[in-house]
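Encoded as structure tokens, here's the structure I'll be asking about.
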Amino acid sequence: MELFVQQLVNGLTLGGVYALIALGYTLIYGVLQLLNFAHGEVYMVGAFTGFFVMVGLGGPGKPIVPVWLMIVAMFLAAMVVSGLLGVGIERFAYRPLRESTRIAPLISALGVSLFLQNAVLLLFGSRVRSYDTPRYWSGAGPQVAGVQVNPVRILVLVLAIILMVGLTRLVEKTAFGRGMRAVAYDRDAAVMMGIDVNKVIVLVFFVASALAGAAGVMVGLVFFNVNNYMGFLAGLKGFTAAVVGGIGSIPGAMLGGLLIGLIESFTTAYVSANFASVLSFLVLILVMLLKPRGLLGTRAIVKV
Amino acid sequence: MRAATKILVGMMASGMALAACAGGETPAATSTAPAMAGGSTSGTPCTGAIGVMAPITGGAAAIGGEQLNFAKLAVSDYNAKNGTNFSIVEGDTQLDAGQASTVAPQLVSNQAVIGVVGPAGSQEVESVGPAFADAKMAFVSPSATRTSLTSGAFPTFARVIPTDDVQGPTDADFMVSKLGAKKVVIVEEKTSYGAGLSSAVEKALKEKGVDVKRIQVSQKQPDYSSVVALVDADTSVVFATFQIAANTKALANTLQQQSKKAVVFGSDGSFSADFDVPGQYVSSFAPDIKGIPSSKAVADAYTAKYGEFGTFGPPTYVATQVIMTAAAKDCTGTADRAKTSSNVLGVSIPDSILGQPITFTDKGDVKDAKFFIFKIGDDRKPALVN
Amino acid sequence: MTVALAVEQVTKRFGGLVSISDLSIEVSPQEIVSVIGPNGAGKTTLFNIITGVYRPDSGRILVEGNDVTGLAPSTIATKGVARTFQNVRLFHNLTVIDNVMAAMYGRTHAGLVASALGLPRARREEARVREDAKELLSFFGSRLMGYRWEQPAYSLSYANRRRLEIARAMATGATILLLDEPAAGMNPKETHEITEVVARLRGERGHTIVIIEHDMHVVEGVSDRVVALDHGVKIAEGNYAAVATDPHVVESYLGRGTAGTK
Amino acid sequence: MAEESLAIGTDEWVAAHEGRTSGQVQGPVARTFGRLPWWVWGSIAVLVAVVLPLIGSTYLMRVGVNLGLFLMLALGLNLVVGYAGLLDIGYVAFYGLGAYGFAMLASDKFGVHLPTVVAVPVVVAAVSIFGLVLGLAARRLLGDYLAIVTLFFGQMFVEFALSGDAITVPGRAEQVDLTGGTNGITDVDRFSFLGVEFSSDRWYYYLLVVLVVLLALAVRRLDGSRIGRAWKAVGQDPLAAEAMTMPVNRLKIMAFVVGAGIAGLAGTVFAAVQRGVFPSSFDLPLLILLYAAVILGGSGSLKGALIGAALLSLLPEALREPSYSEMVFVLLLVAGLALAVRSWRDRIIVVVATVVFGFVMNLLFTLLHVQGVPASAWTSGPVSTLLGHWLFVPQDRVLWGNLGFVGLVVLLAVLTLVGTRVRPILLPAIVWLSIFVWFVRLADVPSITRQLLIGALLIVLMIVRPQGLFGRRQVEVL
């Protein structure tokens, strides 16, 4: 039972991070039908930004500002930097290809991904950096069923939920959200309705990338380590989560992320740590074969 | 119009080429930096290129970058001291045996290359061994620990670090006799290094009647919490065969987060300033080179130039020294590949920066290799405990 | 054999919406039948059911007396029913002639190995198919001839795309052609030409034709018989004059506009 | 929605767009290529390939072998993706299955040493069956969903290979070692036919030349055949293809099986030439490069696949050698400059301004008292002395190099945003800065530079010519 609760918490935290990355994928896909494979790198840059803000504020050993302020600063900086990076990527790597085949931006996305990984390697070196969270924040946290639940994990989970709810409201209630949905539904018609499509797309990229930036900082806080290659695998998991949940669907991305996090932590616990990845991929293949459009996906990807 | 284009392009190209020629010397200029000031001491300086096979990019770049930088440092130090003119040729393997088997013939084809430092992984050594044997190219690995590599299959191979069969029992002994371990969890990275060492330790522990559980994790795994949850409360030691010290630290932090009492015992990959959680243990085939007076200069020079470093760098420095010493012996002008290769096993570095003398057995292993075990103190610095 | 195509008591629902309700239509060989009705009457759904894209909830489809209900669309096409699409679905990146040759898949036989090795049998077949394709395209006069063979389909004008789609349907070897709004988006001159083409399809090639059309001039010009649908129910059937003046038909069209125009 | 945009009047637009894009890269390339018939080019390529080993080193042979394998894979993937339009992201797994299959049937791993003439067909058949199973499972999935399932399949293969050294079988105490885990399977047998052993890379090289030529000829035949046309039709519009007598599912599965078989065959050769198989060889980096090759060449085009694959197999190799990578850099700089500035007068102005700019920067550095190494120390002679005043080399090369790198990326980004009028003003700074960054920083880290250049080239090539070097403009309707 203890193990179960422990893995539940672990799976939910990991899933929360995947979900935030998946949200970005889903937003961009929903509006542009574009698989932004550079999204993982945006998340990596977010994690690095958070790290450098922390170092700039005195480092894990002796922060010069209160810890909560430091963390807020880390999140804000990472979200802004990642958001701007996402906008830049859209402007330079995707916009020129908007009228092209679907696969062309896929390749330029991979190019961006390779470029960013190595640019960070060039600029900051290959050393793995550590957020070292326990040195400035090691609250005991509540006990649940005999399991110590770490406060950082709770924060991450709560924040992920807040961001998701906020995003849903943004899409459903605001003018920007209406513009977004219009562009997603029919870009040409949206132009004729006087919607500035470029502006909407830029904003979508900013929001999606800012979420990835937040996810980057969260990973740093909970799992400690950041390096220049961390984005690829996380991006892959986020992409998977988005598709399993039903790409284009915001609750789907959240569900998909949590599901994958839980599958990973429970297979590790109850089946085999060694085969956790193999099994989780197998489960996902089965999900996809049974529900080809993802769990909550409604719109057909290809209209027949 | 077209002719004019050609002329301009031609002009540009030649201009660039000029710049390129001038610039092409830069890498050599750095590696032979002090040569400008000092010049050669006597006769013609011994010249030759040393191939460095390491995961310079890709997932294990943290290791390869350090190895490459230490090799560069070794070359510039050695050149400055001995008036030689050695240089470095990089070979990026991404820790993949397939890439390594492409890089090896490239180094063989490059006539300037007289010896190779690396490759980093045991599986890479296996895949490049035959090619280097055919070419009579010496290759000295700073990190391949699989015991079987020195069983005679690769006559030109040597390494400056002890094998898994040396480290395994040493670590197991310590866990049982000093830490009183009854129950040990081995968390093993799915790398060639992790697999070999974990097996060696598991075997040694089981012979001592210790309850051993083995958990395999991916090196790219971001989150250890699911793994840590599998560590029972009465486990006393978690042995981590990680290559990246920061990962060991994340493991230790996660254990503490889940209020597990077990201490983390990291293998040599974890011996680095990156793994600094008080109360944990780490073993290494080299003492802290910053603590050795004779090695301090190298450590400081490295830190000043490239920043912090871990375990994989200093042995690379020594491996590079071994190749250069072998090449410089009886060298007039250009060093010779075959001669270098036959000289390697005779090289002796009595005061290596690893704090132990380096001489080789006839199989290419280091003689009388010792292991050092450290406990990380409250000051976050390792202190020798064995 | 007196019935080329029979739709027997077909019903199709999407969720709660009944798109086709207990519909029966019979088409004799070499007959031209028009299906008319306001938007959403279930005309295209009917085509999708006949060609096997949708499976009817009940009822049967017979092609020359054989039950084809539930077969794969490609099988039904091979058995003699080919169609065009309301919103032209050519293979846009293939050349004009390749579009036509591709549709001859069902009546050619060269297998993977024979094709890859270029066995004489496969090459003979290929040459024959190419000649057939050229002959077929010549049906449309000079419109799709000569240099146009090797042009990609997307570079054709809209009217030529419609023509090519008909040529492609003919290439399947089907005797029954289902034409979904062949005159949509065309100017009066082109519309007139299409009317002639449809007539020639029967006259020269002996095709049985079912045609969905909004343009009443076309319907009047070509139809032997007209079937009017509304909400998936057949509301009138007969010759053009009778159907066009049928009170039900007039009423169903007046709900949205005047009969005779779109 | 897309259908509407193709409606009346788009023909002119398409034609005009084609005219606009064709002038840039494809123009001269395709023209030169089109001047001679395909078999002349083919013969020249084969002739070069046959003669090459006579002059080449062992390294060149190894590069040739890698190229051959890559060409085979690209041809296979081109059938699946370029023709049938199936986004198969697990393609490399079939390559891995072929390699592991051969390694298991012909090595000491299980003590089985099947003769090559038996092992290879068995493995290829087995891999094709895997293709069939995956194809059957995924036959109803469309577009991106197919991509994700195949991606899972590919990842599952890598994970399985990695974890397959400790499989717990119910009812057996000992764990079973199937794949050797991270250590892979080593000491794989070499190929041998009729008692002749393929003892060196040269043998495999020639074998691959034969295989690639046969495969290319077969693909060429398929291209103009019933099956090839049907694949292309299915790739563009499955529904219309189905209505036009083409059994879409069967054709898709056929493409999957053929692609898998080709990859499996390449895998067996890989295992034999490498004499070992390791999980890391079959992971995403190879897949990415492969996709890039097929798309870059022009999806669905035979010569595109061949040339794209050749380019992306040889380019990373060339970039390994610092002097070649310098050449690529210089070429890029010159070509970029020639493309960015179209008028002669402006080009001359830019070159002169670059020279002036360098001296100004040098002066600036000196005024700011930045510690520097005189560039003239590199070589001797008047040119380098002059160069020393033109190109400042700071003492702290990492810091200044990194700053320069970031500045360069920003400037390049700005360059694409501003109008043609402002460009000549920015260009001198960009040219100087790129030379500065190259010599101060990038030349020191060739391995990272190599990856950076590959990434940048992918982006630039896609933007300049999204349909690939030899692809025709594609219209997507769905």
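Think of it as A, B, C and D in the order they're written, each chain with its own count starting at 1.
The rule we apply is simple: a contact is a pair of C-beta atoms (placed from the backbone, for glycine too) under 8 Å apart; a residue touches a chain by one contact, two chains touch by 3 or more.
Quick caveat: nothing in here was measured; it's all calculated off a predicted structure.
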Chain whose averaged C-alpha position falls nearest the assembly-wide average: D
Separation of chain C from chain D, taking each centre as the mean of its C-alpha atoms, in whole Å: 44
Separation of mean Cα positions, chain D and chain B [Å, integer]: 31
Rounded Å distance, chain B centre to chain C centre (Cα mean): 71
Distance between the centres, which are taken as Cα means, of chain B and chain A, whole angstrom: 35
Residue numbers of chain A (touch at least two other chains): 118, 121, 274, 277, 304
Multi-chain contact sites of chain D, meaning residues that touch two or more partners: 163, 166, 239, 448, 451, 474
Chain B, residues touching no fewer than two other chains: 57-58, 216, 218
Chain pairs that touch, as defined at the top of this document: A-B, A-D, B-D, C-D
Residues of chain B that touch chain D when the two form their complex: 1, 4-5, 8-9, 11-13, 15-27, 29-30, 36, 56-58, 90-92, 94-98, 101-103, 105-106, 108-110, 122-123, 126-127, 130-131, 190-192, 194-196, 216, 218
Complex contact set, residues of chain B against chain A: 57-59, 61-66, 215-218, 220, 222-227, 229-230, 244-247, 249-250, 253, 256-259, 274, 306-308
Interfacial residue positions of chain A with respect to chain D in the complex: 35, 88, 91-93, 96-97, 100-108, 110-119, 121-123, 186-189, 232, 236, 239-240, 243-244, 247, 272, 274-275, 277-278, 281-282, 284-285, 288-289, 292-294, 300-304
Interfacial residue positions of chain D with respect to chain A in the complex: 1, 4-5, 81, 87, 137-138, 140-145, 147-149, 151-153, 155-156, 159-160, 163, 166, 168, 239, 284, 288, 291-292, 295-296, 299, 402, 405-406, 409, 413, 416-417, 441-442, 445, 448, 451-452, 454-459, 462-463, 466-467, 474, 476, 478
Of all residues in chain D, those that touch chain C in their complex: 3, 6-8, 11, 14-15, 218-219, 221-222, 224-230, 232-233, 236-237, 239-249, 254, 258, 300, 472, 474-475, 477
